[in-house]
């Protein structure tokens, strides 16, 4: 696994060139791709040239965002499907192999089984189109009870459910986004991660939780930097990820507004050090 | 439909003979059977004689409790299965046709899909054994969010889910227990009840809710007598039940401890009047 | 229900204008729409004018073909989805409300559960897009064992399975295409049709079977005209369709090559008479 | 893995003592347990003593038959459940850990989804009761088309379906009975066996097929001894079984009536040699 700079996940607004430069200077192993920036390059040749330059700076690609909303109304989903191949072709030209999205863990109208069918059908279709372009898709389950309990029908909010959803699609290019924060809030342990392999994991996020809240009181958008409070058993989490033989990006997604107010270099020095610790231990 | 005296649902401790007597004197149309009392009669002939006497007093049988826990560990479930035919034969000798149970709307370990499979398998087996004895089984879904959100994995807590669960068993002797309290707390309307027929409904409960709480704050065990607060649209609920052509028992299950402290005759006069109003309107 | 001229189902090659003229002259109650012919009219106004003219000749629209293959590879399915709204808008402009397709009853690679998920996901998406355009979709199950047993994994080949597939989509604009030939070869009886309503049925086909073959030896593409052999219990089938309150088109689909060799007027006189008998009895 | 003498699978009628003696003399690594013989010993102490004696002769236990019919009517299934613990306790006293059964690959009334639910529910219950007694259960899928196509609704007849059925139970003590004959007739290859581990496999059967029949014409009860015709790729099959790290019994089940007519010692010398070859290669 390698440390990855995901500016968006840190709440930083960096243009793509700056992000790449900062990632290289701070010793990250990778950086997230930016679809809009790739588009602005104006063509497959320029994209390939850009990707080669990023690679020469010692950076791998992290994970891009899936440009389609799985739970949109059918007409909107169809529109997004129309636009999909252009984006996938562009990402593929740049050598990107990982896309990701999260699954909304509740719904006001659709009960668990209805929502399952919706996601299963849409995911199967999207996964096959991504496979045609050589891309894998990571799915993130959301653990905090303060989120999944806010609407009438809770949906997937645990690793086991997500693995079953992926298995039912039959797609070999779907995998997990494992975030220590969701793993902790879902009440899971290292044992729940046993048996996973590199092929099962698309991306890994490490975060810590507030020390002054019980597990079921933790809020999805109010986290702590990894190793801050020690609430979350990061060594246990990362040990299981290492046991899986995971080779992909590891990033931090703390939802801490204050990061954007500190000097960027200071923030990235801090984040890079935390990720190095994780990658070394993990 | 007919008004039914269910002493247990009112929180009253009445021996079976007293319950029958009170039901007849207060003009109820039916009374719940009591498995232990039937057992104490000592044989099929005595049971049939007893049932004839109850019938002569103008009373039909309401609904008995299912003597098996659907979500018990397998070894315990097997033990209960062993004992089941004796109880079913006794109930059948008395002319009882309706049994009922509720479905626990959450689980700490089993997620929605695991719990669905557990209930589907157990229900299919139990339904077939009940069918062999000429009995129908009613299933009650539990609506209050203050209950289904208390453990890791919410389960069936809406009419639609319950209807799908019943449909998947393929059993024609499974049906619904419709309780206005669960219907209200689940955020359902008369429209959700459209299309139901008498064959779909095993029992009906009418209750009202506290006026000083929002829907999602209502507690399962803190209700009001029907027509008390008007929070629940009983005319809408009962209109839909009538439209279904429902012919079974209607009872009250308020979980009001104070009822047990008032004189029984006063309580039953009150309850009978409320049920009469419901049966007349509905 | 009304008799419907479906030239394609009879194996006749008629241009749309001729089909309409013949349908009117032979007293059919309806005629199938022709997407290509509508497209050739050149615009919504011309389409509406055309539809009004058809209506003035006393004809309703039968059922159009669904212009999308549910089991195509994802890339191809996506392409067809892109083209779908234009076709649906055109059909809707003409006042068409019924489209239909059949479900292939076997697959060499996908087992029953994999194929179910494929169809469920695709159907849900297509149904929602059709609903946005005010269209309903009929699904035909295929009964002959000589067809469903020809590949590794048999799929939906009975009414019950098809009804479950439709129910799982949750779509209210999906329904059945009932063909007496599939109903017979699937070993079904009038009882299996009990409980259906007009909302459940999109189209009805009546055909008879060869008298010199057992049920399991009947071939999908070697049938007989309705009432020819009496092998199929058409009165029982049509009685159930009538009991459902069905109001849509009834057609014949015999796969008899010889029809194309006889004078068209002679053929249509024959077919119209058989359909009249069915509609009158049914 | 070890060679196992299963007299019943060879069509031989041997009392238990003789089977044990022959297994030891012919160098088999194991022998199937015999529930009736254990019962006849008259108690747990005698059973343990018997098991120790078998073990001292260098024999492990193969696989016993599951004493319950998964697809029986509910009343009958319940009766068998009642009797189950006594049998399981006895088998456990003898140190048996593997039981097995096959899944009937078709049904005249229940379609694939109905039959899936029946098996899923029953299997989950039985697996939990077996787990309480420290026993694992192997499930055998049946491959020949000449069998699964003989009734209205084909059911599980492939490895993938069987693995999904097992996974849905959530039971960790369910596994596969892999028979090269079913693997071949199901059109499967070594690749389909990739990823299996010892925990996934309860028992292995090796058989060959007739050389004068196509795959889809092979009959379930008309097989050949392993390595006889070379129709089945036994090296490929056994290579995959070895790659899984399989440690259990391997037996032959040829359904060849002629074996019972030859001298027993001659037959067992032949079978033992074939199994030795398999175990050595595999």
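Residue numbering begins at 1 within each chain, and the chains themselves are lettered A, B, C and D in the order written.
What we mean here is this: a contact is a pair of C-beta atoms (placed from the backbone, for glycine too) under 8 Å apart; a residue touches a chain by one contact, two chains touch by 3 or more.
If you want to know which protein each chain is, UniProt gives these names: A, B, C, D = Sugar phosphate isomerase/epimerase.
Just so it is clear, the model here is predicted, and its values are computed rather than measured.
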Repeat of interface A-B, chosen from C-D, B-D or A-C - more than half of residue-number contact pairs shared: C-D
Shared interface numbering between chain C and chain A [over half = same, under half = different]: same
Interface with more contacting C-beta pairs, comparing C-D to B-D: B-D
Centre-to-centre distance between chain D and chain B (centres being mean Cα positions), rounded to whole Å: 46
Rounded Å distance between chain C and chain D, as computed from the means of their C-alpha atoms: 47
Where chain B touches two or more other chains, by residue: 114
Contacting residues of chain D [partner chain C, same complex]: 111-114, 116, 145, 149, 152-154, 158, 160-161, 164, 186-187
Touching residues on chain D, where the partner in the complex is chain B: 73-75, 77-78, 81-82, 84-85, 114, 117-118, 120-122, 124-125, 128-129, 132, 168-170
